[in-house]
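Listed after this line are the structures, all set down as structure tokens.
Okay, so chain A shows up in both of these, paired with chain B first and chain C after.
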Partner chain A sequence: MNEPSMDPPLAAVVLALADDEHMVGARHTAWIGLGPFLEEDLAFCSIAQDELGHAIALYEMLPAAQASGIDAFGLLREPSAYRSSWLAEWECTDWADSLVRQWLYDRAETLRWEWLREMSSPPLADLAARALSEESFHLAHAEHLLCRVMPSTEEAKRRLVASTSRFLGMSDNFWVDLDLGLRQQWEQLVAGDLARWGVEGTALLNTPQVAPADRSVRSPGFDAFHAELTEVVALDPSAIW
Partner chain B sequence: MSEMRTYEVFCKKAGKDEFRHVGAMQAHDPELALMYARESYSRRGEGAEMWLVDRGDLIVASPQALAQNADKPHRHNDGSAVAARRKAQRESGGTT
Partner chain C sequence: MTIAQRSWNDLDDFQTFIDDGGIVEPTDDIPEAYRDEVFRFIEFHANSELMGGLTERDWIPKAPGLRLKQIFLAKTQDEIGHAHLLYMVAADMGVKSRSEMLEQLFDGRSRFHNVFHYQAVTWADQIAIAYLVDAAAFASQRAVFAECSYGPYKRVLKRIIAEEGFHMRHGEEMLLRLAEGTPVQREMFQAALDRWWWPAVQLFGPDSAPDDPLLAWKIKSQRNEVLRDAYVQKYVPLLQGYGFAIPDEHLTQDPDTGKWQTSEIDWEPLKATMRNGGPDSRRRIATAATNWSDTAWVRDALDVAAHARTANETAA
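Let's look at the complex of A and B:
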């Protein structure tokens, strides 16, 4: 299972994806018990669990994480050592934001897993193939909900477009240094989704950027989020779980 | 979105097992119902096949119609009458 070493550029891709999966999975779990109805609650938390599972599987392949232990690596690094994106870290206190983030994130995540499946060798390529089988359901979840809700009322469209605009303002931060030729594909897919849902995407995709094009800079609210994630571990760092 | 509808969920394991009722759930339309049924009832491979039935499409028998069938003891043979006769014969020393 373990790769003895990893090409540094590939390790950077894997680390960014792993940290993104960790953060977005943890943020999604904030909706446990709060989803708009029981079935959606279950479906959304299932996505969250899938993403956290991907994070663990990716961390296990990183030499740096193997050296310090998965839990310590995932939870106890200095904030500047994380390579997650603002899109993944952002606290969504509104369900609309959370749904839009899930859609935009999983569109990008799927492209990155496809890239890993094609460009890497086993076991990473195998993990990518397994993850993609889950991602197809994540994308279907976003599509099934947004194709219904986005065109339903003027207010729904206004709120979802505002969410979309906010997160597209974090695109530079998301794709910096890790474009892999995928950003253009992602933007085309996002524009295609929006068009299908009755929204003109060109202006949205040109929205001013609000996040630094640097994944070593944490998003506002990260410290509190990180403190929450590590609250139990910090009770007794020497405890064996 | 539209009003939620209730769907009855049936799952069947691979092989010769029959479809079994596993529960019910709500969704807005058949497409969403399939998505949510998968997450609610088959996340851990509980079934190889799944049926969803809109509860409104079920043909439901009235309890009164079924209750009448419970009032025909002469149609039931659970063996208790024969067992009682054999027990009585044993205790009186007779043969069966």
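Let's look at the complex of A and C:
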């Protein structure tokens, strides 16, 4: 499954996208069984599986991951070798954070997959086309829930706007080196969504940045999360699980 | 379309209908005793699927591989999906709404299977659940499906059993990896077996009462002790064949019949779980209850949105 024409800049994009998919998929799993209602549990579980599937497919295209195996590559690198964003890595202990992260992330992810579909060749372009068919469901999930919840009560609006502000403060970190001309488009889409849901987005999009514009710097909480991800595999490096 | 409501003169008349293989539907004039008993059974099953998902979720982030994580996610999704289907079947019986059932579960006023009152403390416990507990649940559910007299439950069980069959085979594959693995893996699984063997055996419950109405009304097709014995006869030799020791000092095998006989079962641990007093009952229920409370704002917002939409449609 190697991508024969993958030059170093494209490989950097693929690695960042793969690590983002891995981290966001792994973080989504924290809500399994604990969503606000059962249908939401099931939906979030499907999204988490899709994101992990995308991570696996992307890792398989990276020569470094092919050499070490995707589990070793995905789980056992040094923290500084990951290129995931703070948005993807962030521990969401509140459902509002988790839902807003899913919306903002999938808005960006869709643009990136579209870019990969247009700018790369098979098999990466084929993977992008397949992933986009799944992303449409992820975006529909966020849209259908947020359009009803965000404007409904003062508490819901307050929580969701606070979450939106929190994550928009990580935008520089998310787009650094990987803008690909997409950040402006993303911001327009986010502002459009917010407007439909009765929220003025201009001030939110100018939220002061709290995360470094450097994807080699891990987010607070990453070390503990990484230790959790590798707890079993580290028990016996010679074992096949 | 109008659906004719079937009714029965008395419980004897209803019993004859059941004995003749009749299937009860929600549109029937269901005898209250049958409705209450079957509802309790389905509610217990639904609660168990949900709490089972919560038992397994603890180790999903720690799954030692990305594909394994996807697989355990899918399995947990199945369990929650089963709970979802079963709560709908139970709610349609008109005894409690889904919200009432969930709130009573999170208040500690409802029951769920004994095995989900224990905590998975290592990855091997996750495998023991997949191998031992899913197999016990599969046997139990298949016995209910066999002659089930309540139509909606039987139809939902068909799907549940199909998925549980996959879970059981997945458990077997995962166990084989540990059985054929390193000393660390084998020690982990033996320790897990020591923790989970008796709860799995106890899952089938004490011997059925002679007049168990669930047997008479064909919700259960087999007595508890029959299912439990079949499980012991199957899993003792399998586990020993993989080189693991059954944690039962007095386990014997009849030299003539080859049948395995466990030591006398101590039912006190099972009774404790039925009082929500098992080893992990408090944490399990508290986690679910806290989260239910913390996410109430989402349900409230959706209720407000739904009422506003209804009001707008009415005004138009």
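For this structure, a couple of remarks:
Assume the second predicted complex is superposed on the first by the 238 of 241 C-alpha atoms of A that agree within 3 Å, B and C clash if a C-alpha of one lies under 4 Å from a C-alpha of the other, contacts with A are read in each partner's own complex, and residues count from 1 in each chain.
Note that in this section a residue touches a chain if its C-beta (ideal position, glycine included) is under 8 Å from a C-beta of that chain, and two chains touch if they have at least 3 such contacts.
For clarity, every value in this text was computed on a predicted model and none was experimentally measured.
Residue contacts after overlaying the shared chain place A:Leu132 against neither chain B nor chain C.
When the two complexes are overlaid, the chain among chain B and chain C that reaches more residues of chain A is C.
Look at A:Arg148: by the touch rule set out above, it reaches both chain B and chain C.
Contacts of A:Ala140 after superposition on the shared chain: chain B is touched, whereas chain C is not. Of the two partner chains, chain C is the only one touched by A:Arg159; chain B is not.
In the superposed model, A:Leu229 makes contact with chain C only, not with chain B. Of the two partner chains placed by superposition, A:Leu189 touches none, neither chain B nor chain C. In the superposition on chain A, contact of A:Leu205 is made with neither chain B nor chain C. By the touch criterion defined above, A:Val176 lies against neither chain B nor chain C after alignment on the C-alpha atoms of chain A. Common to the chain B and chain C contact sets on chain A are residues 37-40, 42, 46, 148-149, 152.
Those residues of chain A whose C-beta lies close enough to touch chain B in the complex are 37-40, 42-43, 46, 137, 140-141, 144-145, 148-149, 152. The touching residues of chain A, when paired with chain C in their complex, are 22, 25-26, 29-30, 32-42, 45-46, 48-49, 52-53, 55-56, 59, 70-71, 74-75, 94-95, 148-149, 151-153, 155-156, 159, 228-229, 231-233, 235-236, 238-241.
Chain C makes touch with chain A in their complex at residues 50, 53-54, 57, 59-70, 73-74, 76-77, 80-81, 83-84, 87, 123, 177, 181-182, 184-185, 188, 287-288, 291, 294-302, 304-305, 308.
On chain B, the positions that touch chain A within their shared complex are 1, 4, 25-28, 31-32, 35-36, 38-40, 43.
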